[in-house]
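Structures incoming, each one as structure tokens.
After this come two complexes, each holding chain A, first together with chain B and then together with chain C.
Our next item is the complex of A and B:
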């Protein structure tokens, strides 16, 4: 450093040091409250479609329409351990449609035909009504419209279908477009460990 | 079988039948009373009643159904029998945390390279190569989301809302370019920022914006910054991340997006063919912060490093109007290194050396 240090340089150095210290302080403050990794997830107890107590309404389709991904990153998931395995599943069948020869509703509920139904356990060919059925949702077809979620609730369903974010599709937007539109603020940012736990549903108490 | 009875307890006349129907497969199996003949006919009747009920259901007040969800009635693998195993619910994992750290490291590395290429090597060619690389990685591969511009909102929100959890990576992304700017100027803008890179590469025939208009438009970014922070720190339901929502180029990076946003991005690119990096100069709120930091910068792009030579070719070559009175203005300089490429003395190309002799 052969150049003489001018007063201007010195002033710059001091101010720069001050700004750096401010940045450092800010960064430390933020890091202290920071989470390692945060992802978007649907809070099942807030979502109109899955929240128990809200029945009879049309399913909220904002997850389908608002997501920036072409086929929404939100899709319906059947938590099998909570599924009633019903013969006449209100989420699989359009239960208001005409009854066919087998005694089942003739129409399916899902507009994209994403739900598959198969008898499980000791399947009884003579009495299909008394079997258990497994309902699996094809995640490549599902666009998260929430129709089945809305129907798998009281009075018929057990509420095993919920909307969830699929992370292979989610763009992880800084401000999720669905969360902006969601009237119940049901899309929340949670630590990644929490997002992967199965949702816990509680009946609405208020 | 009290549980089943409780569940079907009729709250209204029609409703009593409904749970009984769906539960038939569950509770009846629990009662070990399978294979009763003549079940089909009542079931059909139930279904008809059910259809009737549902036809009129909307007229009933929905909230009046007292209901506690009997999740425990859900049959488990052992109840189902037949060797059935409950399948796992598919859960694709989010991007690994270490990959996010890698993004931050790459961001830091790219800025370091940008500083070295532009200040030390004074090479336009390599600066363009870095721009293309950054556009490919931060833009099209990471889909525009290693983004200090958007992180302004997260930081503003995290500073004001104690419950808001800001990811570590976002904090680093926000501060790194600012610290670099304090020492070397806007190295992030040139060659690293994906939004800048896409505009940099479409610039065909720059026209000179009148300085007064340039200065006036430049104030827009501070208005945008203020507005973005104001909306970001509002309570959850009214909150909006304006910068991300109106990011004009993210639609191209993701190859999907709302038509009006793609149109806006296309407009910016079209304008950017003639006006150098319009978003960066007039709208980018982070550019505003960086510009402020560069006032304290130690070093920056310098033209005519050793000897005054006022041919003014560099000033003409600068598409951003960042050379005034034969000096580079650090707050406006976007590290594109066009001035070096235009300089007859400074170029690293062989033919410029001949010119150098000619000139001197």
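Our next item is the complex of A and C:
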């Protein structure tokens, strides 16, 4: 006979499910950590690539260059619920590149081609621009350079792409090399319970 | 054609003529008076930019329009409040389904149009508020693509609706019955004649030309009805983090643009060389 499921167990399952959906495979590493343990986290409100007010600035690449993990343990993540699913996504395309015969920018933004897109919904063959697209980031290709994050943020985009520490890759260094290099102190240590909460995105301008 | 800035109205602050937290919408009447909505309040400025009157609305104002009889229509979340020329509330149209988030209002011969950003459509009502039809809701597939969160449109002297469809980088023309007549505009990341970024233009006004605003980088531009760029009105004075900048044009050709970060209305006049 199976044990009755308590409300607390149910809540745990819901939280774990939500975390898995949010953090992907890295979540399992997070939920295995002990209560009270601290983990590194990117504070989007401090990160140059995602905080408001840094429009036009070059993307900061310190998460890529400083991390001791190959390719970096910090990767870009697209929060689908926030994504505008734009035809011309400034994080996917280099929007100032030459326009091709289809009326789209001819170059992609990501230097590692880590972002893929597919049309969703009904496409109108006579009006190809009239569609939504789902954008997904290949974590194995992404090196956390932040270019897409910088272009996705308000007001150019909706800020759905942010940098996150991938807990399945992070070495948990006591003195994180990125945190020491980050000029904005955007790499912070938080209790694992806090890291398990759905991340807060920066506020919109309106 | 070129433009020069002649005035700044409002600004961020708590003075009667300023805006404390938001400036979302503009409208001009036949006398060149400017109506500006923000902070759950409507402010009326005379043709010289002096504050004449201000009054509260029950919810945050998202859009404004002035009817031929002087009535002021204020679009809000879930409703439209209608004030007479003396700022007295005379009617409220409520409807969470048809008026989810009213970000634009306009008038056709015998009807009232409301842009509902919550449902990405324009609603057509008769003058009593009775619903007639949707415009642009599924035309032809997916309707308005508005990642910026605003449906905006303007009506020309012939009663044709010019609606911004930013996700498609177009201004589309519709009849009040919902029929799509055509569009102007195309994407281009560097040519000022095109609309840049993910989703532009965000806002539109119509008089002798089509006036639009864009975000990231913010700018105001003028097109003829064939879609040919006539002028870039301005880009420099606007805060780079602006978006959804309401635009209005009066009978003198003055262009009013709302800076949603500086909470100021920039006024530009055409310069004939």
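Observations on the structure shown:
Please note the rule applied: the second predicted complex is superposed on the first by the 162 of 206 C-alpha atoms of A that agree within 3 Å, B and C clash if a C-alpha of one lies under 4 Å from a C-alpha of the other, contacts with A are read in each partner's own complex, and residues count from 1 in each chain.
Here is the rule we go by: a contact is a pair of C-beta atoms (placed from the backbone, for glycine too) under 8 Å apart; a residue touches a chain by one contact, two chains touch by 3 or more.
Since the model is a prediction, treat every value here as computed from it, not as a measurement.
In the superposition on chain A, contact is made by A:99 with both chain B and chain C. Contacts of A:155 after superposition on the shared chain: both chain B and chain C are touched. Judged by the touch definition given at the top, the superposed model places A:146 against neither chain B nor chain C.
Contacts of A:86 after superposition on the shared chain: both chain B and chain C are touched. Looking at chain A, you'll find residues 52-53, 55-56, 84-90, 95-96, 99, 103, 105, 121-124, 126-127, 129-132, 154-158 touch chain B in one structure and chain C in the other.
By the touch criterion stated above, chain A contacts chain B in their complex at residues 12, 15-16, 19-20, 23, 26-27, 29-31, 33-39, 52-57, 68-70, 77-90, 95-96, 99, 103, 105, 120-124, 126-127, 129-134, 136, 139, 154-160, 166-175, 177, 180, 185, 189, 191-192, 195-196, 198, 201, 203. Residues 52-53, 55-56, 84-90, 95-97, 99, 103-105, 121-124, 126-127, 129-132, 154-158, 205-206 of chain A touch chain C in their complex.
Residues of chain C touching chain A in their complex: 22, 24, 140-142, 145, 147, 149, 167-169, 186-190, 194, 196-199, 215-218, 240-244, 260-261.
Interface residues of chain B facing chain A in the complex, by the touch rule stated above, are 15, 18-19, 21-26, 28-29, 34-35, 39-40, 43-44, 47-48, 50-51, 54-55, 57-58, 60, 62-63, 65, 67-71, 73-76, 80-82, 84, 86-87, 89-95, 97, 100, 143, 145, 147, 150-151, 153-155, 158-159, 162, 165-169, 171-172, 175, 178-179, 182-183, 236-237, 239-241, 244-245, 254, 256-258, 293, 296, 298.
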